[in-house]
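The structure that follows is given in the form of structure tokens.
Per-chain residue numbering starts at 1, and chain names A, B, C and D are given in the order in which the chains are listed.
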Amino acid sequence: MPASRFTPEPQPGLPFDDDRVHEECAVFGIHGHPDAAAHAALGLHALQHRGQEASGIVTFDGQRFNAHRELGLVGDIFSSEAVMSRLVGHAAIGHNRYSTTGDTLLRNVQPLFADLSLGGFALAHNGNLTNATTLRRELVTRGAIFQSTSDTEVFIHLIATSAGSNLIDRMLGALALVEGAYSLVAMTDDAVIGVRDPLGVRPLVLGRLGDAWLFASETCAFDIMGAEFVRDVDPGEMVVLGQGEPRSIRVTSGNRQRFCVFEYIYFARPDSVIEGTSVYEARKAIGRELARESLPEADLVVPVPDSGVPAALGFAEESKLPFDLGIIRNHYVGRTFIEPGQEIRNLGVKLKHNANRPMLEGKRVVLVDDSIVRGTTSRKIVQMVRATGATEVHMRIASPPITDPCFYGVDTPERGQLLAAQMSVEEIARHLDVDSLAFISMDGLYRAMGRPGRDSGQPAFCDACFTGDYPTRLTDRENPNSPQLSLLSELKRA
Amino acid sequence: MPASRFTPEPQPGLPFDDDRVHEECAVFGIHGHPDAAAHAALGLHALQHRGQEASGIVTFDGQRFNAHRELGLVGDIFSSEAVMSRLVGHAAIGHNRYSTTGDTLLRNVQPLFADLSLGGFALAHNGNLTNATTLRRELVTRGAIFQSTSDTEVFIHLIATSAGSNLIDRMLGALALVEGAYSLVAMTDDAVIGVRDPLGVRPLVLGRLGDAWLFASETCAFDIMGAEFVRDVDPGEMVVLGQGEPRSIRVTSGNRQRFCVFEYIYFARPDSVIEGTSVYEARKAIGRELARESLPEADLVVPVPDSGVPAALGFAEESKLPFDLGIIRNHYVGRTFIEPGQEIRNLGVKLKHNANRPMLEGKRVVLVDDSIVRGTTSRKIVQMVRATGATEVHMRIASPPITDPCFYGVDTPERGQLLAAQMSVEEIARHLDVDSLAFISMDGLYRAMGRPGRDSGQPAFCDACFTGDYPTRLTDRENPNSPQLSLLSELKRA
Amino acid sequence: MPASRFTPEPQPGLPFDDDRVHEECAVFGIHGHPDAAAHAALGLHALQHRGQEASGIVTFDGQRFNAHRELGLVGDIFSSEAVMSRLVGHAAIGHNRYSTTGDTLLRNVQPLFADLSLGGFALAHNGNLTNATTLRRELVTRGAIFQSTSDTEVFIHLIATSAGSNLIDRMLGALALVEGAYSLVAMTDDAVIGVRDPLGVRPLVLGRLGDAWLFASETCAFDIMGAEFVRDVDPGEMVVLGQGEPRSIRVTSGNRQRFCVFEYIYFARPDSVIEGTSVYEARKAIGRELARESLPEADLVVPVPDSGVPAALGFAEESKLPFDLGIIRNHYVGRTFIEPGQEIRNLGVKLKHNANRPMLEGKRVVLVDDSIVRGTTSRKIVQMVRATGATEVHMRIASPPITDPCFYGVDTPERGQLLAAQMSVEEIARHLDVDSLAFISMDGLYRAMGRPGRDSGQPAFCDACFTGDYPTRLTDRENPNSPQLSLLSELKRA
Amino acid sequence: MPASRFTPEPQPGLPFDDDRVHEECAVFGIHGHPDAAAHAALGLHALQHRGQEASGIVTFDGQRFNAHRELGLVGDIFSSEAVMSRLVGHAAIGHNRYSTTGDTLLRNVQPLFADLSLGGFALAHNGNLTNATTLRRELVTRGAIFQSTSDTEVFIHLIATSAGSNLIDRMLGALALVEGAYSLVAMTDDAVIGVRDPLGVRPLVLGRLGDAWLFASETCAFDIMGAEFVRDVDPGEMVVLGQGEPRSIRVTSGNRQRFCVFEYIYFARPDSVIEGTSVYEARKAIGRELARESLPEADLVVPVPDSGVPAALGFAEESKLPFDLGIIRNHYVGRTFIEPGQEIRNLGVKLKHNANRPMLEGKRVVLVDDSIVRGTTSRKIVQMVRATGATEVHMRIASPPITDPCFYGVDTPERGQLLAAQMSVEEIARHLDVDSLAFISMDGLYRAMGRPGRDSGQPAFCDACFTGDYPTRLTDRENPNSPQLSLLSELKRA
């Protein structure tokens, strides 16, 4: 069966790539609140860092499911009274989507909704299935017609065609077939349902606001509305919010746990708490550990803003070196910025960062960043810091070298574009033109997370991007085949 | 199984209702021309009167299917080089869609495309299935997930799940299951296919332009590009355009024919020729017949522009009465026109029509119009003509009274809103405040069409809107149930 | 003093040129109606044929002047309640503007408003000053800063700098300085004022609706709202609508009158009555005169739609030849229509017109059109009619040959592009490939208008485009100098 | 003479008010670079913090002035090749404009351009004239017609009507008439001109890039393009960039200097250097001084992000207390965010800030912010920090109490809305519900700026917002009269 050969109308893509890896989504759910949509909008706003391209909310008002999904930021999409007044209902689920380059917008437009023979069903998803293409191929052969390329639609087709006399049973049937990482929130006409994959790779937390119960990708979504954090949803657990107390159903019997350690390093908001650990504290702890592992002679600790700040503060605390904002970030960078003229072609990084000259001149600087992906931005920042008059530049990185792509919902470049997959640490140091370079060690990272070190037999986290040790099967990768697009009628607006 | 309870994002509707019935679609297909999309755009432009809300073209370039579908007029959508340069290929199908009020835009966004297990498949459709809801219900129960409410998608699901080792066989399998009126054009990776329903209710013609072969709803689409009209596709015939000469396949064995007589009266363009008869000539013939049947004492024949002009010319010819444009039409009417202020609430009709006072003052006028639907516009026009100083107004209508709704792809109001379903001719005359009123008789209409009169045992045309004599089963109507919406991820633009 | 060298932001131009000359504007005014803006919108809608690019209304509510001006059609611009609810007031003036190619949108954006030292002043204008550039140059030298290139702004600066203790006196002072053709409507905080130039080249009529008084370019603007036509404003007359009855002021003492005859031939709506003559009747009379002057042996009279229809009806009446719509017009032509592909480059005319083949085949056809400008469209229409099977084509034109440009507010091409300025009638006939060609004679035109013929000493009309006999000085033309743009801060929307 | 009573079409306003005062503009100029517009775009991007509503660039290419001005962010407006390719020329000036609420967009759309009798003239302005209304009134009485309400246009009219045989002389003539604060950049057909007001209230710096010379509001605009900072333009100095070296002209003879101290406290970017002092260092110095003046017993220093960070770092350094990001800022706040539902009405501040609970729980916190305007945000932040578990909250403010409005181009609220104009420090402390509150003292502020203290006879800075000691006349304020709007023809897009 060939790959799809359909080229739909082009959709505006976002070419911006700031040399970071990206989380692909956030999810939110709420049940039992008269103003469910407004709280979903607040929660999605707090989770905006997990996806900035599009956002959607579906509510249920006892009679009908009401939807609004649109490109843009949460604060813009859900700010009009016209939109909010349509989203009536006591239950809602919502989704933020990350902007992937080179893909059509149809991918991952969420929440999806389907009128199944057992009733309406809405679904939003953070993560990635590692056997989605394989499942899709089987479904198409049986006559299923797909509308998008998203994994989320595979779930819906599995539910539509699985046995079971109610939607919960059908979800369990569908979950038995999928592999990979997924934090789901779903909504039927009597429940809002949250599910975390068997290893708990992606986060999902349970909260409470008065009589209402909530799901969110991170606790910061509860803080914004003054809701109380109750607990993390367990790996392999389904929680059903309906009448009465939340009901817990075990989807899988295993009890291994492999939470994504990169959520602590970069993805999650610093003010979130995951599995009992403050993200901000974790980052400072990594910075302290890094100072213990590799402290150069220097005058000043400078973070690469904004994500390098907590680790840099930890590094400065431990090393007793002064801390200063030696690089100033311009928050007004638009979505595109064509630079005309040969001469200014290389100013890219300066659109976003400027060296704070009086702080750096004549200093030996420790630059602290969270990670190195392609290294293009790091290289320009070093160059800018040197040009400003720093006498030495020592770079310290709050994660181990990234050597392997992620298949669990994080947008990483191909292996060939990962700097640390191509070069040794010494080579990277030369490439970046730094006086010294150190990454946190694998064991140092685990120590910072409160463990004795990495137990290679049963690691506490998913750290596949640093180790290539993938915690699930990678079925699609073993049977490569492009995704299948099946039915398309999206419409351009006049 | 309940009706869908999903309320998607609202889409801009078009509240404009000018008291006419409306054709819902036009189709076009071309195979074997290096510039297929450009010709499809020209053809759709010539067919713009059959649908003004949205338009779409899908091409096949030997490797890929390329699509562009958008709200608006053909001349605006397909005028940009960016759009046209993507629509490469030697084969193309296209579609215009009528704007229905109160429905979401998802309905009938065409051509639809699906990646089926046997390959890519694009489909556009003019008409309506009378068992679509019934078929859809069965498909959903078997796990099918629908994206739109359109009949076209039912076809695609039937093809996806029918047996047959190639797409032509599967189409024949699907066609065996559907009832109603349909002129289809489809495209696979080796053919463009045209199909007309067993009774030929909707039009479809075959043409030729050099080595290329074409399908269109009407011959005016061939004229615009200098193509040659070859023949009407027969009722119940499938014509396959591929390598070599067109191949004809009989879908049904019957030979009854029931072409929609209203196409002659109002829908089709006057410069089209259908089943050997000029539409303009047919309208003039009806006007002449009407003058023979019911000629009042009068000074002047005045058409209700623009559709009443040919019948009025025929009426004037036969009656030897002078003909003048006593009503002037303003072609600049926008899509909406809110009339603020109580006092001017009743000026609606004047936004579109103005009486040509010096022509009408002191005259006994015969007003000729093509049909009466709700009668609201007719009433205002009579009032305007009287206010201008006409001493008598005699109305003559070039169709019989419309008493029954259409189920074959024409947007007619509910029976309760059809004036002739509620009142006798005398009552209508009083309601419209005319000095006399006559509709063409049923037999007079058939005579104008070159028949001896209506053969009630085997009428030559579908005239169900005048007679209630529906030529097919009306399965959905016998088993009422709202349409089912199954999977929706349409996206509002930022 | 050099011409302006400022290039502002580009504005969307309208490349469409359908080989006609174009009126540049419509004006409307109303005083004494609580719902002034709504009536202005209706009036401008009825006058849409005089300008389709932009429209504007300014009202006065006793305290403030309120404005809305926008690109687009009247029915779209003034259909939103948000817009209309701001336009409160008992007095309003309005303007439609024609789309000129190659000019920025700043030109003629009207009504203009200025806060003068004597109070607020709004102004709208139909016509053209023939000494505007000369006046502008003087004003700039004295320190005036211009914002647009429009003549209307020259008026405003003249009023701002003229002596006089009230705005009426200042208007009279300014009018004493200008030359050319102008129908103005202006508004101050106590009056709505209409002015027609000394020769009455452009039309302006006075009407009444209950207690309110109105100005409009044509009477059809009164019909749409049921207002009563009172009289034409006289050449050289200022009419002031304020408290009590309208007040008439003579601006000039002369009594010559030179109304533009082309308003009867093409510009005005057929249902308007100007200076006591029905436009529709005038066109039919020209057609009858044309048949008397030059009747070929033929089978059928066919109008070039839509503007040729009344003359063709007159021609058919006089000649007793049958009349038929042998060419069908497609009213859905969008604003642009790129025709890709070499082969279809020449289909332009077919986007708008199609030959009605069954009516034309084997016939000797008289084609009646209102005028010939460049001849490009005429040529294609003849070619299309011949290709359809007409055996002879005789063209009859309801105006004399256009040989000279207009300087009074009509957009005519350069002399070099006027076909009749370059060729004799015989040459044009060959160029168009017709079997015979005749234009109405100059005296025939005057006879059709109810005169004995053209009195070359004192012609009753402005017919400069046919004769080069311009009724006013052409000061700017004698002192050529580009227009001067002085202060620009127009803003593109994000 | 009454105030303008004209209400133009409404323009999208930006209701967002984050309880800060705002700089109204940035200016930039460049002469002698082949790619002038691209560098202007980069410079304006670096100055985006001084104005986010609209941006404009005018270039001169030796023949013509080319302009592009648009609503939105620099990076979006000047990112299209279509825009940049029009902006050819070796000289350019540019402007960013702050979004003021409740004003029409016409205000301050810049650069303005006028075709004066001596040639083209473009002008951009940062600051505010204190006698603009008075001057405008005189100009209107003499017949001038204004298009905008901006001070910039007053300059242009003064230049248009002043004596002088060249534009430099005319500028000097105009500058002799104006009062207030203004940093101007202007462009003629042979020069780019920068002017700073006699007291140097607003900043303007001179730079060099290869052979090209530049003006900018701040040095960070030079850093982004690798240009060299040359010197500050002096108070009362005009610098002319043309052929050869820059030419300096003294506009005024005085040598007092009163630079706006609030530029150091809040407006300027921390990486800029003004009058020899690093803005970042100045803020840290204020923080250190504040710690010396008023150090509470506490566990943690927490900045209100982002503007409070440098002062908080200085405070922590001096006090030896730990520093942590106890409040996390969400940078994704859209332009509007309607909060539906009574219950969540008070979450406003949380859309932008979240307390970092694990850092704050059980701690005695010193909150450091740059200033207090209305106090609404401060109050909510304190409430949020307390709710998170902080046991004590001590607030320290890096500026003296703001008691008086600014008339020099900074958007401050009315006196009645300035918290410190209504309450004593003790009352404010109670109002904000803090355990202690201290502002930096007036002398402390001067000490932090490297002075011995404030010399009330000749203060080194403009500190009128803290003292009411305005360094110029306030003519308009003494003769109150609304601004005058004179000629408007702005156009809404279709």
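Just so it is clear, a contact is a pair of C-beta atoms (placed from the backbone, for glycine too) under 8 Å apart; a residue touches a chain by one contact, two chains touch by 3 or more.
Note that the structure is a prediction, hence the values are computed from the model and not measured.
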| item | value |
| --- | --- |
| Touching both chain A and chain D (chains) | none |
| Inter-chain centre distance, chain A versus chain B - centres from mean C-alpha coordinates, in Å | 49 |
| Intercentroid distance (Cα basis), chain C paired with chain A, Å | 61 |
| Sites on chain D at which at least two other chains make contact | 76 |
| Inter-chain touch pairs (all) | A-B, A-D, B-C, C-D |
| Residue numbers on chain D that touch chain A, as the complex places them | 35, 37-39, 42, 45-46, 48-49, 52, 73-76, 78-81, 84-85, 220, 223-226, 269-271, 273, 278, 280-281, 309-310, 313, 317, 322-325, 328, 330-341, 343-344, 347, 350-351, 354-359, 387 |
| Chain D-touching residues of chain C, taken from the complex the two chains share | 1-2, 4-10, 54, 63-72, 76-77, 86, 105-106, 109-110, 112-117, 119-120, 140-141, 143-148, 153, 156-157, 160-161, 189, 484-494 |
